[in-house]
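As written, the chain order gives the labels A, B, C and D, with residue 1 at the start of each chain.
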Amino acid sequence: MKRLPLSKKLFSKNNTDNEVGSKIPTDNTEDYYASQWSLIWKKLKKHKLARFSLAFLIIFYLGVIFADFIAPQGLQEYQSDYSNTPPMQIHFFDTEGNFHLRPFVYGIESTRHPETYRKVFVEDRDVMYPIQFFTEGKEYKLLGLIPTNIHLFGVEEPGEIFILGTDGMGRDLFSRLVIGSRVSLSIPLVGVAISLVIGLILGGISGYFGGWIDAIIQRIIELFRSFPTLPLWMALSAAIPAGIDVVMMYLYIVIIISFIEWTGLARVVRGQFMSLKNEEYVLAARIAGVSTPKIISKHLVPGIISYLVVAVTLAIPGMILAETAMSFLGLGIRSPATSWGVLLQEAQQIDNVALYPWKLIPLFFVIFSVLCFNFFGDGLRDAADPYKR
Amino acid sequence: MKKRLIVFLSLVLLLSFLTACMGSSEGLATSETGDEQETEAEKEPVEEVDPSSISSYNEAPELKELVESGKIPSVEERLPVAEDVMVEEVYEETGVYGGNITIPWKGADDEWTVGKPTEEPLFRFNEDGSRVEPNVAKGYDVNDDATEFTIYLREGMKWSDGVPFTADDVLFYWEHMLTKETFGKSVYDAYFSVDPETGERHMAEVTKVDDYTFKVTHKFSSPDFLKRVAIDNKWFFAPAHFHKTILPEFVGEEKASEIATEWGFADVKSFLKATGYYYWTNVEIPTLRAWVASNDPHSEEFVMKRNPYYWKVDKEGNQLPYVNNFIAKKIQDPSHAMLGMLGGDFNLGKFLVQDFTVLKENEQKADFRVLLWPSVNFTSAAIVLNQGVEDNNLRSLVQNIKFREALSVAVDRHEVTEIVTNGIGEPIQASVPEGLVGHQEGWKDQWAEFNPDRANQLLDEIGLTEKNSNGFRLYEDGSVVTLTITDQNQASAEFLELVKNYYENVGVKVNIKFVDPGTYSDQLYNNQLQATTAIPSVVNVALRPDVLVPLRLGQPWQGDFGLYRESNGEEGTKPEGEIAKLVENWDKLRAASTEEKAMEYANEIYKLHHKNQWLLGYAGPTPSLVVAANSLRNVPEERFFADEFREIGHGHPAQFFIKE
Amino acid sequence: MNVNNIKQQPEEKPLLSVKNLNIEIQMDNAVLNAVDGVSFNIEKGKTLGLVGESGCGKSLTSRSIMSLNPKECETTGEILYNSTIDKKMNNVNIVDLDPTGKKVRSIRGKKISMIFQEPMTALSPLYTIGNQIMEAILLHRTKNKKEAKKIALEMLRKVGISDEEKRFDQYPHEFSGGMRQRVVIAMALSCNPELLIADEPTTALDVTIQAQVMELMKSLQYEFGMAILLVTHDLGVIAEMCDEVAVMYLGKVVEKASVREIFYNPKHPYTKGLIKSMPKLGSEKKRLEPIEGTVPLAINMRNKCGFYDRCSERIAGVCDVKAVPDTQLSADHSVRCFLYSEYGEEEKNA
Amino acid sequence: MLKYILRRIILVIPVLILVSVIVFFIIQLPPGDYVTHFAAEMAAQGETLTQEEMDELRATLNLDRHWFVQYLFWMKDILLHFDFGHSFNYDEPVTAVIDRYMALTLIVSFITMAFTYLVAIPIGIYSAVKHYSIGDYIASTIGFLGMATPNFLLAIILMYFSYVNFGDPLLGLFSSEYENAAWSWGKVWDLAKHMVIPIIVIGTASTAGLIRIMRGQLLDEINKPNVVTARSKGLSESRILFKYPTRAALNPIVSTFGWTLSNIFTGSTITAIVLNLPIQGPVMYNALLGQDMYLAGTWLLFMAILTVLGTLISDILLAWLDPKIRTEIKGG
């Protein structure tokens, strides 16, 4: 499985006669010798789906940055009268049928079904609340610095707007989803990165050097894999003081998880390195006196980019949901802070699935974001593969 | 608020109307209306059917075959003598034989889910729990100063293996098992009487009068003896012929341990506990219950087959139980109970009020009916402050009645009932519900209004005037007033968040901490808990005191005081003031010679709790949901759902039957 | 040492004749004419050299003969194959054949086979070289395993691999670059193909191994009599191996002639430039004259001479506006350059 | 090769001893012990234990001794009489508890694992060969749908959905009437019906990873020069695909294949909950939760052995798959 190291091949002027493979864009000739990354970027842009996914990821991460602004409600606000409200319909045509440029929402009344005690919500057609944009709302610090109370959209008092409905305590689900994304789209990536780095280093060393180093590292991996994690979490949950900031705790948990999850990646990296390390170009680099870390980073790692990219995109969903597994131990995010994992956890009772199905909406956001990561990863993988036509 | 009250009332009346027209006699409605309350107390019990008037008996088809093939004697020989047979009253109509009762359970270590419904105590509580009625024993006499109880058994009654059940079995249990503490339990408090002067406890004596009568003599009067036995130690008997083959006293130490290992136990102690106490899931051990274990409790379905020697019949002489098998199906997760109920895998189940709406909406489709059994809980959303908490600052605070009142009025109960009990619970204080002994007028409205200003005023009065930058009150030494509420069950997450919001509005910082059950009980038993959400629930403090009176460890609100009493003073902390009064009243109650006197002291204890309100509640009690498939008949519409009444057992499952 | 000329049979159809071969690749916003109107013939038993700088389309041309080009390439024109060993294979246009079809597969490896430039990656690291050689034999020559092994071992001996029994069961990574190229050659010739396409067989090897491999190919050609299409950018190899040469530039064949004509009587300015930039043995040390400028991109170069920008003898107004016709100078020499066709006259060319 | 395997097996002993100590220490690490857990469980069923009863129970189970002393006694019993101690929760020898569910666990896990690999690898190959086709998108979307949804939530949704539309939530392996009935077509059909939801849940969750890895690796290999060489020999496309790039792409999958061994014996906890099946997963989960020392300890020791064997199996497979690694191992 020969592969000239990426940079050398694309750079070299006397590009071997594989001209079709590394076709150079036509528009201008001066970037004939474009750097490797801009080349990958060009190929990536060509990759329709990756472009599409990247756009959505950018939107998501804009949402993460301006979460407080976009969310009409903060995390603390709740109205018990509106608990379990279904998503409200946004109208353009009122009862008489004339059109309103500014969309509006009706007021809602709630009654309890005498027999089943289910809260039934009915639109109160004669009360209209036009949707305001950039309205005053709850105080917050934009980007954590600028105190303001402007929110993207909202309705005047006493109207309420819940575009994705509310949860058991009458908290606006859309706001919790947007603010929750701040946790769920940031911290899991930290975890994934850590397990990637550890797995790569230990797996790489084990695979590259072999011999007794490999034996020791493999035994350490076996030791880690035989660890029962549940008692560890139980001990941890008892040890953590009650008042600790919830988001920080979640970060510690993700870090701990990544310290346990790296074994899978390490094994594969080892297997691949053992196979790659006898390649001519690696031997050549070694003879040329290139230092081991350089060999690993410059020659071996690019060799397994495909697996790394796939492994990273596969680890993300696991990390996003990792916290739900331990919430019964009191670890992980707890209200008033929230995350996508918590929203899914709350939706996990049969009552919610049966009566309030809109609580499952966060599920689609998790799936969608994970798909975006995956397709973007795919695009990256293809762009980085020199053999790919 | 008013609207919901009417809605709930109409619901309850509708149900009781329904039960009335079904021809049953005394469907009890726990509605608020005062008048019905009084009549129920002196109501004449339904005229007893004289057992000897039954001319002939008939039996289940599956038993008829066994009789014809000679495996078991005829029904007449199996039942007790004619006049001693117990006639069980049916709820709706005389049933037909056949079919099974199927309930969900978590597996072999969930013994009580199968134990409670099939239990046969010596005496059992009547419907409203005000008095005991005959069950295994057919009657009793008590002398006027309640020191001597003569108990009459049923002649000709037999164990499930056909061996006669006599007074010897009672004596054997008393002399060779209970007093020798062979099954890991010490002698229950019910068997002691208290010397009014010295407060000393004296154990009763049990003597045999004849094969079917025995006498229990107390040194001092113990009026509630039979009621307390009916709660603490329901089966005041054991199959002597079986236990003689395993108890070390009879077979010797090494033979016993040999048998223990044969049965797969690590040591004799755990073997004797499993056979002496949690005996009903063992096939080999004879019982008086309506159904007998027939396979390994670890298997997928634990089947209890009909007991051919069951000593009860209905008024037409049909030997009970109607249903062939009592089956417990294993579930891996609570959600399976709901799904199984919807899908028809179970025809009987108990659920919490949170599941009410889903169950109610599927009544037609899943062909079952949701019955509201009122609960004996004081509240459905409790905050229990540990009066003996280790932290000195916090202890002085929680012991201060003003602090408790402040925390009570700081919370909007309307919101709690809406969110936690789906609007079913009342916005009232934790108090003894209607229809139970100890109900006090006005208790439920004590500190029940939502008044944050009053709360702040009270907190200022206590001296917590200083506040830090984000508004939390400080002790004198400058540390923040912080309350850590610990819980082992995620279901209370929403309630605790509400409480946290309201407490912090009045300046009391709250940390919520969820832990796994093991850690929770470890903290409980080492007095590490500051506050928790354990819901207080007791039928009658005179019969089971340790919920309201600090007599032993295990109740989160009284921390170390219970340990002080349990270790008679060696460990724990000595209760003072109001809490000490609780213990004093309890000792007096124990020494009371008549039931009325005992009730007086019991009332004192309730009054103390009413006055001090150690246990805060933010939503009224909600009924437990008993769900029965429509094909399963004779399931009472309403019974108090309490551990003391053995939950579903209070509905006498032996008379349930399957109607196609 | 040039192989002595094999007596030319009377005029008959060439083993393989490429007529007006075009290969276009759809780029983002333009069509790249990687191969533009290439024509040449390969005679039985002869060696044709295809020479040109990298990016001139020579490798694509050679691969299209086995229709091994990736799907992105639009191939048109004719590659007529007249097999001498299988009479039925007459005037078969390989371009029309389905690239994964049975017909083309019966040609690949059996009648035409190919060796590649990078011996390191040509062989799969996961199978023994014996297995990989026998694969073609079992497919085309015999189903009997033992016999196939015998042939394979014999081929290994032929390509100069000693101790072939042991080597047979070894893996590619246990061989040096040169040895691996020998294995690839053994594999390619294991079914006695009529035509061997060698796509830069020696570029990745150092000079001494290069000479051995060339020597080997010549002796095998002598022994088996197969034709060779040798694709290279190394004029030394051309001089050493080829009977005829086609010089390619920017997707077009700019000059085609016998090897002697090309070296001693180059006509096209590009060919002259190439010859000049070749270091001569023994000539005093003077700077080599590289051809200035860089190879442009073959986009809308149809009606223009690709070499225009770098050509010292270009004629403005002609070479850069009209499509350069191919002029047949003599029986075995043609050139595509306005210098040799009366510019302005339309119909002079061949 | 044999020498290598032997050396590796000898190396297992020290690892196991180390694992057994660490595992035993970790199990009892959380606060409280089995007795406090048992007290909590009994309290939930309405029976509060007294301090005295708990101390006595602690004594009988000799939990009052230092954990290392307990460990030594446990090890002594194992090594001398091959007795793995008793489970507190089940009041039975640990071996009895493990044996009870072993058969069912093996069957269920083996089917799930076979299903996972037999479904994932072909789909992975298909996605690679036809990458960016509709099929490829569908495969990855379904795969990620499974991965991004907590299995348990997916199970509940499907079960409730099946109840709403077909009246039966398809709980467990059989519906009640077939539970103990003899095998008949009706029973087989009933079983098939009940297998639908678990297959969807397990299918989407566990296959997604394998599909993506297989696809990524195959995309890497499919354009390699040795594939063009093979094509130049006239081989058919399918033969080329399965002989060269597919085998080369198996490297990452094979590297961790050995560890499925321990999954087989545990059986995924989710499968148990979804199928309402008593297999080892939940039993051991509860043993750990309740600090049922010897049961959890023995089980984890057993798992450690399987993990070590699993690594060995993976290494052997890797060597078989890739000759370069073979020379590496022989040399190393």
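Note that in this section a contact is a pair of C-beta atoms (placed from the backbone, for glycine too) under 8 Å apart; a residue touches a chain by one contact, two chains touch by 3 or more.
Here's who's who by UniProt: A, D = Peptide/nickel transport system permease protein; B = Peptide/nickel transport system substrate-binding protein; C = Peptide/nickel transport system ATP-binding protein.
Only a predicted model underlies this, so the values are computations on that prediction, with no experimental measurement involved.
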Checklist entry - Can you list every chain that touches subunit A and also touches subunit B? => result D
Checklist outcome for this item: Most central chain, judged by mean Cα position vs. mean of all protein Cα atoms, is D
Checklist outcome for this item: More Cb-Cb contact pairs, comparing A-D against C-D, go to A-D
Checklist entry - By CA centroid distance, what chain is farthest from subunit D? => result C
Next on the checklist: Using Cα averages as centroids, what's the distance between subunit B and subunit C in whole Å?
Outcome noted: 94
Checklist outcome for this item: So, in whole Å, the Cα centroid of subunit A is separated from that of subunit D by 26
Checklist outcome for this item: When centres are defined as mean Cα positions, the distance from subunit C to subunit D in whole Å is 56
Next on the checklist: Using Cα averages as centroids, what's the distance between subunit B and subunit D in whole Å?
Outcome noted: 41
Checklist outcome for this item: The positions of subunit B in contact with two or more other chains are 335, 339, 516, 518-519
Item to check | Two or more partner chains touched - positions in subunit C | outcome: 118, 121, 125, 173
Next on the checklist: Give the residues of subunit D touching no fewer than two other chains, as numbers and ranges.
Outcome noted: 30-31, 152, 156, 160, 224-226, 248, 289, 291, 322, 324, 327
Item to check | Set of all touching chain pairs, with the criterion as stated earlier | outcome: A-B, A-C, A-D, B-D, C-D
Item to check | Residues of subunit C touching subunit A in the complex | outcome: 25, 27-30, 32, 34, 54-55, 57-60, 69-73, 117-118, 120-121, 125, 173, 177, 199-200, 203, 231, 233, 297, 299
Checklist outcome for this item: In the complex, subunit D touches subunit A at residues 11, 15, 18-19, 22-23, 26-31, 132, 137, 140-141, 144-145, 147-150, 152-153, 156-157, 160, 208-209, 212-213, 215-217, 219-221, 223-226, 248, 251-252, 254-256, 259, 262, 285, 288-289, 291, 296, 300, 303-304, 307-308, 311, 314-315, 318, 322, 324-325, 327-329, 331-332
Item to check | Residue ranges of subunit A in contact with subunit D within the complex | outcome: 1-2, 49, 210-211, 214-215, 218-219, 221-223, 225-228, 230-232, 234-235, 238, 264, 267-268, 270-272, 274-275, 277-278, 306-307, 309-311, 313-314, 317-318, 320-321, 324, 344-345, 347-348, 350, 353-354, 360, 363, 366-367, 370-371, 374-375, 378, 381-382, 385, 387-389
Checklist entry - Taking the complex as given, what residues does subunit A use to touch subunit C? => result 1-3, 14-20, 23-27, 29, 46, 275, 278-280, 389
Checklist outcome for this item: Counting only contacts in the complex, subunit D reaches subunit C at residues 224-226, 228-237, 243-244, 247-248, 321-324, 327
